[in-house]
Amino acid sequence: MAWPEPRKTGMQYRRLGNSGLHVSVLGLGGWITFGGQSDNETTVACLKQAYDCGINFFDTAESYAGGKSEIFIGQAIKQLGWNRNDIVISTKLNWGGANGEVLINNHGLSRKHIVEGLRASLRRLDLEYVDIVYAHRPDRLTPMEETVRAFNHVIENKGWALYWGTSEWGADEIAEACGIAKALGLIAPIVEQPLYNLLARKKVEGEFQRLYSRFGIGLTTYSPLKFGLLSGKYNEAPDSPPEGSRFAKGGDKFVEWMAGNYGGEWWRKDVEKAVKLKPIADALGVPLSQLALAWCLKNDNVSSVIMGASKPEQIVENCDALKVIEKLSPEVMAQIDEIVGTVTLDPVRQD
Amino acid sequence: MAWPEPRKTGMQYRRLGNSGLHVSVLGLGGWITFGGQSDNETTVACLKQAYDCGINFFDTAESYAGGKSEIFIGQAIKQLGWNRNDIVISTKLNWGGANGEVLINNHGLSRKHIVEGLRASLRRLDLEYVDIVYAHRPDRLTPMEETVRAFNHVIENKGWALYWGTSEWGADEIAEACGIAKALGLIAPIVEQPLYNLLARKKVEGEFQRLYSRFGIGLTTYSPLKFGLLSGKYNEAPDSPPEGSRFAKGGDKFVEWMAGNYGGEWWRKDVEKAVKLKPIADALGVPLSQLALAWCLKNDNVSSVIMGASKPEQIVENCDALKVIEKLSPEVMAQIDEIVGTVTLDPVRQD
Amino acid sequence: MAWPEPRKTGMQYRRLGNSGLHVSVLGLGGWITFGGQSDNETTVACLKQAYDCGINFFDTAESYAGGKSEIFIGQAIKQLGWNRNDIVISTKLNWGGANGEVLINNHGLSRKHIVEGLRASLRRLDLEYVDIVYAHRPDRLTPMEETVRAFNHVIENKGWALYWGTSEWGADEIAEACGIAKALGLIAPIVEQPLYNLLARKKVEGEFQRLYSRFGIGLTTYSPLKFGLLSGKYNEAPDSPPEGSRFAKGGDKFVEWMAGNYGGEWWRKDVEKAVKLKPIADALGVPLSQLALAWCLKNDNVSSVIMGASKPEQIVENCDALKVIEKLSPEVMAQIDEIVGTVTLDPVRQD
Amino acid sequence: MAWPEPRKTGMQYRRLGNSGLHVSVLGLGGWITFGGQSDNETTVACLKQAYDCGINFFDTAESYAGGKSEIFIGQAIKQLGWNRNDIVISTKLNWGGANGEVLINNHGLSRKHIVEGLRASLRRLDLEYVDIVYAHRPDRLTPMEETVRAFNHVIENKGWALYWGTSEWGADEIAEACGIAKALGLIAPIVEQPLYNLLARKKVEGEFQRLYSRFGIGLTTYSPLKFGLLSGKYNEAPDSPPEGSRFAKGGDKFVEWMAGNYGGEWWRKDVEKAVKLKPIADALGVPLSQLALAWCLKNDNVSSVIMGASKPEQIVENCDALKVIEKLSPEVMAQIDEIVGTVTLDPVRQD
């Protein structure tokens, strides 16, 4: 009996860690852009383009653009008339929500903020539930049991989310959450969202090495181009941001902080590596940005690489990175390792 | 104190496995027919006839006729004005839903599809809950714990189903699901829906042999006549489907695949056995189809045999099979075994 | 700090077994009378009188008068404008519901009937929840785990009841239910509703002896006058029911069955005992019926004695039984034991 | 990345025990005042002033002013248009609710009263949920398991509260509740609300000594000024209440009981100590009342000190107590201990 084929888009899909949820290997994130540097119309255009490319995974957070990222994405979903079952929507909780106003209890991973924060996110998104709710950074003062119980509560009793995950947690914190969930018979996190790219591989390949097989944790990684650094576009402007770049635009606390570091010590070191990587991309006949995206996806523990976009064309270009994956032969990967360095694994305790 | 009698119909009822749910020993299934080869009016007529014969068990699936089977059955239930408490409605999830469109996450046994799929089924059926929701085939890539938790969730927290079961799972998969449910204190499946008939007895009588007593699993079996083969109607047309038969009609992927096998090797072997069984039915003075149905019900582990029907008269005729059960003496059963073969049980490990 | 006094009515209250729920020591039951032999107006009048006497416990069942008992009691509660928090309403499930029609699954203690039956009862009562839902007789074919899970479900997840109990179960069945609840972390039954009176003390004082301390089970007993036999009104009519008595009226299956036994062997033996008990009541200067009610309440394991009433005056008279309790001195109790016999307890295993 | 600052108010916040919930170190309580001695307008003015001072924690109870405290506070919250996420609202259950009428089951810690009582409180408050629901005094006749299950039920299944706590329970009772919650996998209490002040430190510092580290219990203490005694305002009126004081006003059962004790033996002893403490406050150049509040907050186990207020100015004055905390040097604390006495801890068993 023939199996009806999904839309033909050239996109690839992976299960999110050990779970039954499928995400496109490229996801579209709403950080900085939607509701922030990008207006409503651009948001709709980008989401439409992503969907047409086969992307089914859209990521936002309560704190992005003070809640406007969720509002813009929610409106775009409505306007585009998508089937809710066909998309995977994630949001994140920890840093307060609407209006950028952080109240005393309007942040962190207490039961109060997880319940109130997710509810507020759903109102902004105008959705009944998200597919994944992330703990956006750990909350080291709230007992882990309170946090795990609260995520289980919004999934199991409220039906406000289907899965939960973590973002930028330490390996020990993820292991603690999984252990408490197992001990109490509650739902464990299925995914971690770390920063991961050619210039920052240590956490994902080192510290996290035992999480994948032991707890079935999947990864949705962000910042694959390290804020554009791996697109090579800052290679020729080592001192100050080129006009039209996000760092020249500003308007976001994080962007402004990054702009302040522009041209500093670690920035120069990173640019140096980007300069060295460029010939490898040239030899393969692909842009450096596609090489950088494809390199992330060579790692089987990565379920999806979240990219940002301020115009639809970027999405189309980035999707071509999928064709680059097969070009990353062992020899090419070795050349890359030579430039960016590798992670030494603990020889005794690794799985 | 006298017990008020149920409607006098000659129908018999069995508990579904070890559960407290009662199903008529003949059930009516919506596969291929309702919403597919049969129109709305015929659906209503068949359901009415079945109900008048005492049948209380109606089976459908999200994937039957691209969701139209559920829509037609739901409309018929409304039109016939049945008491919801008086009927047992089951549906199945795994293969996507409405419009035959299979989306990336719109299939399988992930929490996402079980939650979204059942919700969509209930909307098509226009019911608040089904009695049984089946996992339509296993999903070997989704962790069993995610699947068991999700079925428990829709039963215990959402109230969208009262029981859950499996369909065409392996014995080890059913045992794993029951074991996980027990370990986590969740609701275990109560029923498996396998193919079972005179020409295919191996799985039910062999592989499943320990499931009945160990886990209280009941069976609702389908295809009792092996797509009409055991009605004897293809005995005289070994090469191509007779006019008016479902294989001549087509219009369903599975039917078309079967039509392609028509007259092939296994088809001829099966027809051969049907030819040999005919004299036994003749000697009992009953149609071969009734013999075939009654034979399924001789197996105490079978709670209900699901039949299809494209017109009301077939249902009335099939119900007469109940009178045949008592005619299946040990001698007759031995003659049948001679023709169709028996299943050798594992002598050491069987219960 | 003074504690505001409840309404001054002379009524007494006991906790229901080991639970935190308080019931008046006399309860009003809707069996046979409300919706059956008694009309709407009488029902309201009886409930009002009971409430004015301090009775807070009203008992009905899905099967009483084919569901009309629940309807009449629900309408009376609405009409009387009672505070919901001030009353304890119980109903019972097992024997089908509205219209006296018993459907295939519309009885027993399956998850299907517990969910559907309680929902139907609440609709008839026009209440959001009952305080106690009873399993009206055991269902020996449904797995106990299914039954315990279903009662837990309607209490914990649906909020349709606050507590659950059993009625006319065996000690082993109650112990099994409590054991399963403990093992699975579910809510256990808190109360059993047995028949208990001067002529039938064996089950409550013998078979049940270990349930009270081990499981904290309380009792709401019914039939304190054994269908009027202990009112002494049949003492002078040993052969056929006096005019105006419930047995002359008929109209209920149970009543008719009892009427058929009227004058039979066990009936005559019981009347004999009632004749012998009369002088004891006379010596105390109270009606035999009050002696019979008070005797039930001398048993500390009895939380409430459920009485029927077809007119308000009976309630007022029965409430006077509370004053008789203190007259039941050890000497009087010994005289009674002499006539009705005592229960020999298991000397080794009793608590 | 800079963290947006909360409103600049000089207020301090502490986590409630080991939980993730943050409360201002001064809370505003509705006992005696709101809905009782204070009218609607005053209630709004006090709540507004408290909020402007950075207070986020507002405490009431079903029994305060016969339910009117909840109604007044609820109306004030609506009128002030506060963000629900920005405030912590607590109420307490045990002593019956609206109209001061205590019904048979309308008190205590049974499942019936916890469910019905909290629902009634939410209606009076016109809120969907409270942040904390307290068990207002223990209920020694209801099984602890019933109480713990019921609080878990209203939090986990109903969503009517986010946390639960106890008020004026014994250490053994709190430990029992925490133990049962752990054994059954239910939500444990996070806070106890005891009376605590310079004249009553024994329970908090002695009996409770092991609760803090073992169970993570936090404290919200009440009566920091012992009904005004530690404001020094009764120092000059040892025999009868000064005009305008709450004891002269009356109108509340508790206040009247206190007024009856006015000038009695323990009252005189307490006044004596207040007289001796005054010079210490004078030496620090602060009012005695601020010294008394600050002293409570020197105890790290105290999360919040609940104060009453009948006019906004009192709140402003009390908030100045926060500046006094740092003035309480070891020497000053020793002088205070000399006057009020210390608590001898169990040297062997303390943690």
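Just so it is clear, A, B, C and D label the chains in written order, and each chain counts residues from 1 on its own.
Criterion: a residue touches a chain if its C-beta (ideal position, glycine included) is under 8 Å from a C-beta of that chain, and two chains touch if they have at least 3 such contacts.
None of these values were measured; they are calculated from a predicted model.
Rotation angle for the C-alpha superposition of chain A on chain B: 90 degrees, rounded in steps of 5. Between chain B and chain C, two chains of identical sequence, the interface residue sets overlap only in part, with shared numbers making up under half of the total.
Averaging Cα coordinates per chain places chain C and chain D 44 Å apart. Chain contacts: chain A has residues 157, 185 touching two or more partner chains.
The touch graph of these protein chains is a ring, one cycle where each chain has exactly two neighbours.
Per the touch definition, chain B reaches chain C in the complex via residues 1-6, 13, 15, 18-22, 24, 56, 83-86, 88, 131, 156-157, 159, 162-163, 185, 187, 216. Taken in their complex, chain A has these residues touching chain D: 96, 100-106, 108-113, 115-117, 120, 139, 141-143, 146-147, 149, 153, 157-158, 184-185, 253-254, 257.
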